[in-house]
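Dropping the structures in below, format is structure tokens.
Shared between the two complexes below is chain A, which pairs with chain B and chain C, respectively.
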Partner chain A sequence: MASKSSLLKVILLGDGGVGKSSLMNRYVTNKFDTHLFHTIGVEFLNKDVEVDGHMVTLQIWDTAGQERFRSLRTPFYRGSDCCLLTFSVDDSQSFLNLGNWRKEFIYYADVKEPETFPFVVLGNKLDVTERQVSTEEAQQWCQENGNYSYYETSAKDATNVASAFEEAVRRVLAMEDRAEHLIPTDTVNLHRKPRSNTTCC
Partner chain B sequence: MPKCKQQQRSPTPFPARRAAPGPPRMRVLYEHEGVFIHSSSEDSEDQGLLVSGFLRIIDKDGEAIVDYKPLEDAVDPTNMLCAGKDSSSVVEWTQCPPEKPHRTVDQQQSCETEWDMVNTISFRRKPYTNGEGGQKNTNKWAFSISAVDLKSITVSAEGWTHVTFHLKDDTALPTIHFHQGGSEGFMECLRKCVCPSDESLFFVSAFNKALSQSFENLLDDTNYGLVQKLKKDPYTTTLGGFSKVTNYIYDAFRGSDLEYRQRPPEEMADLLGEVIPGLEINQQEEPGFEVITRVDLGPRPVVRRREPLTVEGWLKYQDPEGRMRNVPDLKKNIFKGGLCHAARKEAWKFLLGFFPWESTYEERKVLQKRKTDEYFRMKLQWRSVSEEQERRNSKLRDYKSLIEKDVNRTDRNNKYYEGLDNPGLILLHDILMTYCMYDFDLGYVQGMSDLLSPILFVMESEVDAFWCFVSFMDQLHDNFEEQMQGMKTQLIQLSTLLRLLDLAFWNYLESQDSGYLYFCFRWLLIRFKRELHFPDVLRLWEVMWTGLPCQNFHLLVCCAILDSEKQKIMDRHYGFNEILKHINELSMKLDIEEILHKSESICLQIKNCKVRVCLQAGVDVHSSSPSVTRQLLFLCAQDIPPSVGEILGLTAAYDTQTAECGKPDSSHLTRALHRPEQAVSNGHRHLTETPRGVCTAAFIS
Partner chain C sequence: MNKYSFSSYVLIGRGDACILILWLHPTFNYFLLYDGSKVKEEGDPTRAGICYFYPEETPLEQQELLCGQLAGVSRCVAELSTSPVRLLRLRRSKFAVRMREQFLWALSSSVDVPDVSICEFLDQLISLFCFYNGPVRQSYQLHSRADLSAHWAKYLSHLQGGSTELHHIFSCLQTIDATKIDPLLLLKAALILQACQRCPLVLAGCILYRGRIVSTQMPPSLTLKVMVHETETYNQEHRPPANERSTFSTGGQSSTMTTPVFLNPSEVQALHSAGELCCFFSTSRSHCSPQPDPRARKSRLLSRTLSDTPFSEQDLTNSSPSASCQTMPCSHRSSLSDESCFSPSPGSSQDSAHFAATHQSEDSSHADSESHDYKLSNGITLSEVNGDSKEAVFGDKEETMIKTIIGSVEEGNSLTNGHHLTLEDEKDQNHEDHERHLHRPVKEERLDVGRRVLGDSPEKMWREENRTCGEEIDSELLPMVLYEHRVRALVLALLVEPQFPTDRTAPEEVYHSSLASLNGLEVHLRTSSSGAPGPPGPYSFAHYDCIQNTLTTNLSGRLPGPQDRSFVRATALLHSHFSHTYSAQEAIIRSAGAAVYGTRSAAQETFFLQHAATARNSGIPNPLDSAFALPNKARHRLLKHGVNLL
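Right, the complex of A and B next:
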């Protein structure tokens, strides 16, 4: 399949209020609204990007973070190509919950090989002065849990947001390359639905 | 007396040892794991409990026993029965290693230890607490009944199949849910066991394919993580097997001499032909049980809305002591036009039930005083929690942290809540915290701040806003509960309505895996709060609070909005994602008056249907062949579908209308439809749940 125009599904997970929607909006629309509503239900936005010469449509899914809504959020995990585990650097609890989010994702997305699945960790709200989670702590966690890429971002001032999403794309593409090497025939990635735009079938 | 026993067993409930030579001789005829009891619906104490267990049919010295045993009993390897790979085959009891069940249990346990959060809902097991001796293996959900004690069995499907046994002494056992399939085999096996000449035993089937698909994704992931792994759980197979069940039903009837035999087929046919003119009959090639679904609801009446009720208008309904008079008329006025903003502060307290309509000024003063005290007492409770205490109260801490975050993200573009250190934010915060004290089990759930914000905006008083919010939450409590049962129910009801109103669209959604209407989640959770402009939310809510023109009017509001969007969705061939996106993006683009017009119009359209009869059998009314008789039976002796009439609370209206019709034909039909205890249906699609008691006609003209 032509991976050039492929659709990558990326999902943002993390505690309520860590800035998932803000990260998505910053990346897709380059806007930031301090007073953005908290997400109810599930939303997604598409963005076409070129990463290392590959054109991809990034479909970014944003969910309600409260535990209560788990049952309504988890059905949307399936088919994700990458998961962005998000916490807020000024909220240690949200950092401590990363492992739970990871497990929830692996479980409900039905990830076959959790060890190699591309996770990217985002420590958001870098702009806030009172940090509760240090860079070292976060990096250590990433190292210990699967050598994930770690990005400290600020949706508010746009720091590292694009880089983080691009890293997600890279991770997925790298996975794909590896898979192609392993099975070097004309395989079809079932998760990928090549699509030129959203309205046409 | 039935031999229904709450099993009191020794630690080895099903004595595999006894399977060896000693009596009694037992054979497992059927066995299936992953059959559930939802305790929440059976016993409020154990709310939210899902009991997973084994269902078996055992031949005990020629007596067929239906045995249900919760997993914790069943996992003991010494208790394990082995029914062989093919559950329909009969295998002697042996003591063989229970591979499959064990794997299941391991999975669950690993999951539990890994992350409590994932499993707070699923698979919590509860030991029998009030039993004598507190035997460890006794479980109050276990039951074991002899097939001869069965009076009837209700089989329904809402995304999965569930079965209820009714015993001859009129007790009903807890409904068992086949979340992991297997109902077909069970019914088949039971059918073989039960003596067909037992006239009193019928199978009441209420299969519902309509919803089978719909909740699949939602529910299996929701509560039954394991089911997700069995995604392929064959609904289709279940439904395919359904024909066997209906055949069985017929066989059962044929074996007996029922009243319908006395009614000549011609008479029945005429009856139907007259009562339901224009009925589209879709006769299958094979004699079978085709479902008739096509219904013409008739035109949508034009409705007029009125001007909002003014303060003067409101006061006209008040007597000198302050009692509100002619409340039905008042409500109708509010329904038709809403309220002027100035009238809201007073009127909302009545509409929400904070003030009783018949109360006097004096009584309200007393009430307000009492409620003020009560409010501040509860407020003091959380305010006096020290940091130390808070450290030890993770629940309160979590609520507080989320409230602080969400209050800062609620209607901040509204003047009333904008800017830094807006006092409105503090009020929102304090009221929500106090609500946590008022209902600590529910606590704070995202969405509540959305519900409170307009109320506080109108009330401009902390105490009044709190109590009005409490009333509103009383209506919406189920939406926010751990299991979100309210949301599930509403989505199912909405699906039922939509199916009646617009089958083509409903089919389209179904074909796009969107039949469970997830995209309406936000609408329903917070009653369109995020979909409409702030002033329009106020209008919609006050209209809804009148309770007019029917119950669950908000579902018709959903239908009205969807009605306006369906063409776009279908023409552009939107798929699952696009539908979700399209609906999400309707936010702030909707016209409240247009929606209210259409919703009311749809309601009238449904109400205007003169006879609502739910047809579920394909009937050739002009034929007099015996097969028609049989089909007529299915048609007439229909199990009540909760149907549109029930959802909208129009059942009473139906009765009246039928009575008003005064036609002998329709009363005939009604009588035919009211034959109790012969409830049989082969409805593939319509039904969602079983009614109590008799069979009745339901929706559709």
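Right, the complex of A and C next:
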């Protein structure tokens, strides 16, 4: 099964301060740094992972959440295989903004079929005691907006971080499987149509 | 000697286009290192003392002739004047000379190269060698001449290659074109460097992209040294791999390596004190000991992150220059009136630290002869240099017709005397400075550094004379390590303590804390450097930032016309003149075809040429002469390039 190793681009989007950089660092280097700067523009790290027998190189793109960095980050949405929409469970505004992030991503990444594009939603900072967003609320939003997977994570104590990224990989692989099934039938149609037209007339 | 004085054409690749640049002067005619200790007896052959000679293909007899003569002349002049020789002028060429211990260095160029530039080049060469090889005497004991010759050749070619003639005139650093990238990326680079400093073994760093500076925390002289290795490894990586160094973690496009280097005590002190100047709060200075307590530094450095402070728009604009001692190639900060750029600048802090260092060593070694030495050495140098200035500026009949000095110009004796006086005062002030230096809080220090830089030019000249004079370069070089992390064309270069490579956690910590950001910065720079340059405008300008040692110009992006050649030549003359005539602030130099306006302050020099503005040049002084409109034009035109002359 583990025949080809492919590069998957996964992008983390969400409000500033929800913990996107921390999630990436936790997953790739298994470290947590309380003194991180605000991300300016974009950053990325690679990690080789094996998910369900597939070897993939995951390229995780971390983006700046602040509005003033928008022009720096948006050019790098293009070519993403999966988008991780991130909010902080102790910040309801970051949850309310998920829709805007989704819209921004679809627009700048030039996603052809937004309905089927693999999004995964992450509710970070699970370790914080004062929650503002309940699990049910978040799950409901995910169901209503396209049946996205939802993970509650904590980059600080490493809860669910790996499984969230692995889910992203699974989503992408599932998409690719489906695409492989679909493509042959499409191409056949395209090639045959002109010929059938001429015989008709 | 004439054989080597030729003009040559050099092709310089810049972006997609190849630009033909006309070199008005041969860069270096000769370079030699001669060890007098090897030639003591009558029977000792001169060749025994020749450690290195450039061009290497010069016949040995000629090498011996030149070395013997130069050594003799330099020794004679030095003994007659009881001061070291700095410059020997011949009819068609000149030699910058350095004598230290039994060694003699000489670097020759044509007379067109400003004195100050050729002396600066020689100092750079020597300090480059010491940076990578340690003390010269020791290097020649440990390694073969052939090996070390390869090093000299490398440094020579580095200093000669890659940059435009304007860069050669100012011997300045190559920076990325800040007008083509988002300023936020400069901030990003600065933050990466700051994050690295959280590791207590990291002294300071710089970030380079395609061999040009994006951001640096180091004084210009140190940045230059670091860049040599960067360029070298970059070239190596673009060739098939020849020799592997101590590369310890390689992943795809990203690799790190460490190289042993040597810093002189004043540089180390400058780095430590620069680190402290970066603090938002004042702490007692700890840099008196060369190796500060790592724990003490750690707690201080950790508190110096931007994430600890509210992150407002103002932070974006203010934090980088004032908080982190960055040298960013944003020329807009180095305006005449902008005082903020002076206070915590790396150059000035280095100088102030250097003052203390020289003074200390002098005190301990030969306190009696101290002031005598300084006075003489500077006095002699000055009068020499004065003679040059007249010949270079006034005596050039080919192009220079009239020269108007607008600012106040002191000449001849009055200048020399004045200078002597100032030096005397300066000595006293030094002592006071040194005393205060050790006791006062950082804030006051910053103000004072600012005042020093703004202060009168003889003082600055004095410092420049002594900065790389080299009396102490060799004395006690401290081993350090240069750590480099490359992501494609982007390099993070850090000067780290010697124990860094073997430290259990530090290399990994620094690597992981910066990798993602470096990846990001690299893609940002790669995608933003493709912008086409705007129209150059009907003028040429060059703006030299003396503090950061950087140059902003609109000249390099196009084919040089005849006016550009005049401009470069006039700039060289004016720069040379400014370097001798401390009190001159503005000058216009003109030929029949062009007039170039130059203005300078303690922090910058700016040169401006308006194209096709010769209509009203009648040859005699005329109030309607278009040359008199140049200062105004320069002020207005250069504003949009971020150069504020108002």
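By definition in this document, the second predicted complex is superposed on the first by the 180 of 201 C-alpha atoms of A that agree within 3 Å, B and C clash if a C-alpha of one lies under 4 Å from a C-alpha of the other, contacts with A are read in each partner's own complex, and residues count from 1 in each chain.
Definition applied: a residue touches a chain if its C-beta (ideal position, glycine included) is under 8 Å from a C-beta of that chain, and two chains touch if they have at least 3 such contacts.
Everything numeric here is computed off the predicted structure, so don't read it as measured data.
Engineer: With both complexes superposed on chain A, which partner does A:P75 reach: first (chain B), second (chain C), both or neither?
Structural biologist: both
Engineer: Is chain A touched at more residues by chain B or by chain C?
Structural biologist: Touching more residues of chain A than the other partner does is B.
Engineer: Touch test for A:F37: chain B only (first), chain C only (second), both, or neither?
Structural biologist: Both chain B and chain C are touched by A:F37.
Engineer: Examine A:Y108 and indicate which partner it touches, taking first as chain B and second as chain C; both and neither are also allowed.
Structural biologist: first
Engineer: Between chain B (first) and chain C (second), which does A:T29 come into contact with in this model arrangement: first, second, both, or neither?
Structural biologist: Only chain C; A:T29 stays clear of chain B.
Engineer: State whether A:R178 touches chain B only (first), chain C only (second), both chains, or neither.
Structural biologist: Neither: A:R178 stays clear of chain B and chain C.
Engineer: Is A:N100 touching the first partner chain B, the second partner chain C, both, or neither of them?
Structural biologist: first
Engineer: Kindly classify A:E67 by the partners it touches after superposition: chain B alone (first), chain C alone (second), both, or neither?
Structural biologist: After superposing on A, A:E67 lies in contact with chain B but is clear of chain C.
Engineer: So which bits of chain A does chain B touch that chain C touches too?
Structural biologist: Of chain A, residues 35-38, 40-44, 68-69, 71-72, 75 contact chain B in one complex and chain C in the other.
Engineer: Touching residues of chain B toward chain A in the complex: what are they?
Structural biologist: It comes out as residues 111, 114-115, 117-118, 120-121, 217-218, 221-223, 225, 228-229, 401-402, 405-406, 408-410, 412-413, 418, 445-447, 450, 480, 482-484, 487, 518, 521-522, 525-526, 530, 572-575, 577-578, 580-581, 584.
Engineer: So in the complex, the part of chain A that touches chain B is made up of which residues?
Structural biologist: Touching chain B: residues 16-17, 34-38, 40-44, 59, 64, 66-72, 74-75, 93, 100, 103-104, 107-108, 110, 198-199, 201 of chain A.
Engineer: Spell out the part of chain C that touches chain A in their complex, as residue ranges.
Structural biologist: Contacts found on chain C: 182, 184-185, 187-188, 191, 194-195, 198, 251-252, 302, 305-308, 311, 313, 512-513, 515-517, 519-521, 523-524, 527.
Engineer: Report the residues of chain A in contact with chain C in the complex, numbered from low to high.
Structural biologist: The contact residues of chain A facing chain C are 21, 24-25, 29, 31, 33, 35-46, 62, 68-69, 71-72, 75-76.
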